[in-house]
């Protein structure tokens, strides 16, 4: 951090004699000083610049100015203010709500396409043969690298962002569903067969429920990735949203808003995870207990 | 897709009478038309905008222009071209190398601080008490949400990006090291004690090696996150780098470069993961075989 | 010819590396209706393979299975299977697991209800109907597996080490239950086990298999199962000849295993 | 007074919910140098707790441990421990595991080398010195654990179900090895086991513990360990009185377990 | 590093100093290596100066400078780099057919604005003039290159920005007010050379030399005889063709050192203007508060020194 409260005091600005005429600082606080030296006083450290001006540095404990790190109370009061009167023409809840909406929409479509795709891959060799290479290649591509392509395809609007999140969720969900299917213990399928179940019944009563725990694990990961991705997408092409809020605030060096935004993003990310874990516990209680 | 070859034809631009004087389009290709209606001709679809100008849309079959999805050979030949002559004053390898360098530097410092922090948290209640809440809170914050703060703190230069990646790796590595330590089977520690080992020896010969598999798992995750993050960080504050390359190309709608970049990013991400897995296999061969 | 016939079954697995394993070779066997046969043999001698063929999960390379004189193919509700563990449906409660077979046939609760409730009572699960599978102890889970199989009223019950994962005490209790159900329902049962004691106590007939290729090594006819239906199993163990047969079979299997182990340790 | 004294040990665990568990109550015991004592008892009767106290990993609420008449605190190389499994250091090869104790004392390869090599030979690991731990079978891993403990030359060896995870055959081989090492090295040994047969075969003395609170229920002096040093263990099992003692102890433990299980099943 | 400085500038923003830059005059006169880094907006220049990565910014707009100093960043204006009104403007997509007569229709439209820059300030002032409530518009924060791409793709209805991006945007739309019309309304647009106060204080000699080279290049450009020689190098540096360079630079005004030091510019008017800019941003809710005065944000010392060289 270079900016700080150090200041250079051009001492001759208000004096009649100027440095050019030979006036020189010879002592500060009763201690003699010459160019290049520095002196510590209770108020801070003084030194002479090569031009003979005084450079003053307050004790470093004081160096943290609000633009670098605002005090917690500033962040809290900013939260109150923005919650009440909004930021950039949208309330705080609108910003957060927009981000959340995008995440949920993107995730929803990703799951809607990804889960059946994963099932198809797990059950049919034909599907696996075609889609395995695609899925395996797309997985390590960071979703954010797709932003430029999505901008070209769908612009910077809502559609583009949701497509991006869709792509972020799609592969994760497909892989989760695939491994959910292939993780079915063959003895469960055999048991169902010898109890007289048909293929469709085995799909419905054995394979689908058995893959739910994996799908939930995938969903937790996908939601985390989507949340991180939406924030970044909003940074790049900022409209409404939590990411835009902190990005714009950073341009105006409103550090308290930036920190407030980061905290809220963290809290919501954490909240999403808690929620997913809760849903998992309620909906697939047998997980990791079988 | 919003951009397309649709155009608005302000028909009176070159005419003497202008719309303001009452001139109106009444028929196109011999078919009468009024505001809001549209007409299909062999050449495409015409309609009148609410201002009375003509909007023309070519048949959608033609809409798939190279700017939407370039043919594979264009992508390949672009790869050859950029590999030879570079893009934006830097060779392809410089762009990729810059991104890689940032990832490695950020990861390195993240591990350098995170692993000892994780060990301290795993071994000392005092450290755990203080840092557990911080680490647990920071983990769900998407690293990209920190970009604006990092911009304020350290600007958009190299330092800022490396700090961002440092922060992305830090918490993951700290958590991995912590769980590596707390995952040591107590019987191993007991065995070492009753073989006469001192506390320092137990740390050195038992706890550290035992935590390596967890640390490697964490490192793989952290590298993945860092790679995704660097690309995005370059999208936001672009100088050199793979992310900047695709972002700039997308502004000029050079879709072949965008796709080439995405593929390279994916390949490198995949490569990093392969490399980490290989390192894991070589360095902690006992993992998941104990 | 009533009962289950295993007719000259051979099974060869082709491995991906081009070689193949002869898991079974010319195994023939006939079980009369209501017989309980236990099968012993060292690891890898083809016990599970044989059972899977009888159940219809695997098609043998040669030979076939016949029920009451008719060839059968594929799995079918007439041949029920009880697996060691992990074959229950954790996403259903106890009652839904047990009623799975009837439900898959399209029966309604009113049709299968009383039968299923009866089975739950017989297996001592009456009070646990609505429990989730993971809330049960290992012994109870095996009772659910048994009840689920019985609810479908199969002619033959196939069991692959059904009690292998249970602790000594629970296992002993379950052995009593199996004997009781066998006597009461008169099912034909094949029971694979690794425990010589269990094979002795439960099998009317006891088959010892040998490996490479998997084949029938020796067969015994035993009185203990019939005794065990009425007497305490611990008493049965003290009966004449029991100890001696036990030692004989133990030595037989140990010799086979030692031979296999010797080969693999040397290969290490 | 030479040997290991356990003097009036009590151990109470305070639970987070405010209640507490009396894991041991007034346990006193003296082991003479070179004695091998096996300990049996139902699950939760405090066997592991007792061993941990002797090893010094836990400090008892009351009472103390004395070696040759001197009170001892904390873990020490004079009391070595052999755990069931998973206590080997996977990141070291066999030889480094075995030489761990001497190396921690700062000895050099030249000092401990021949001793360690001898132990590797005795335990049949001579050809596996440089192997990684995960390349060994379960039985070999337990031999490494034994050798590692012996390399440190402790006065007392404490074993907590060291053979529990091994298959029947390997287990029998290891039992022979333990007996052999005991006789050859003359160590004082406490061996916890769940297997009545193992306790009978290996223990000169056999302690049966009872739960709630953990205490000594009964003690036996047995001849089989001495016999087993020379004879085949399977022969020993046929000797007079063996079957009867076995049945007696089994019943004793079953009764205790039934009591505990009854309580927990009712609580379900 | 020692003996090196880093200076920020804009691409597609042709100015006479680029001739000196191309010729290597700066390195020569300053005696240190000068690294040049291009930026998309003045806001990013502020961030880069905050991090210490950049020591001087040539042609930073006044608005981003005001935003940074208002937040407490210790920056100083060192000279007036260029004055322009035609080269920083807002463009509406042609098919909307909105001009100054029906500007009210802009309500509810989507506009790409590089927030915190001169273009943002101009946007706010123009909307204010037309009585369009900015809150009713959909404002997207985009740097000019992105904004130009967005308006070309039809992703936004209006674009605000400058330089090459502005020229590209004009292919797809029309301006609301011309430069002269804006100047009449008091919407001044000028850029400055700025730097962190601490660094400037410690390197005032270097800064003075830097400003001198810039002023010399401006003076050289002022003499039409030199233009043929200078234009190709400027065009090359700006990354534009010569024709576009000539037409763009023709709309620029480069005041001399004397003019800059006079009351019309840094002698007083600029400070007042800055206060006005700050107040507009405060009113728009972009920043919390303005400084009481921006007098301390101007340091004419080095420029005076350059004048005396």
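Which chain is which? They are A, B, C, D and E, in the order written, and residues in each are numbered from 1.
Everything that follows uses one rule, which is that a contact is a pair of C-beta atoms (placed from the backbone, for glycine too) under 8 Å apart; a residue touches a chain by one contact, two chains touch by 3 or more.
Note that this is a predicted model, so its numbers are computed, not measured.
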item	value
Pair of chains with maximal C-beta contact number	A-B
Taking each chain's C-alpha mean as its centre, the one farthest from chain C	E
Gap in Å, rounded to a whole number, between the CA centres of chain D and chain B	56
Whole-Å gap between the CA centroids of chain C and chain D	36
Gap in Å, rounded to a whole number, between the CA centres of chain D and chain A	53
For chain B, residues that touch 2 or more chains besides their own	2-3, 151-154, 250, 253
Multi-partner residues of chain E (each touching 2 or more other chains)	47, 50-52, 146, 153-155
Junction residues of chain C - those touching two or more other chains	none
Chain A-touching residues of chain E, taken from the complex the two chains share	43, 46-47, 50-52, 67-68, 71-74, 115-116, 134-135, 138-142, 146, 150, 153-155, 196-198, 201-202, 204-205, 281, 285-288, 301
Contacting residues of chain A [partner chain E, same complex]	2-3, 6-8, 10, 49-51, 53, 55, 65-67, 87-89, 155-157, 237-239, 244, 247-248, 250-254
Of chain B, residues touching chain A in the complex	1-3, 67-68, 137-138, 140-149, 151-154, 224, 227-229, 231-232, 235-236, 242-243, 246-247, 249-250, 253, 255, 258-259, 261-262, 265-266, 269-270, 273
Touching residues on chain B, where the partner in the complex is chain D	185, 187-188, 190-198, 201, 205-206, 209-210, 212, 284-286, 289-290
Residue ranges of chain D in contact with chain B within the complex	52, 55-57, 74-77, 79-81, 83, 86-91, 100-101, 104-105, 132-134, 148-149, 152, 154
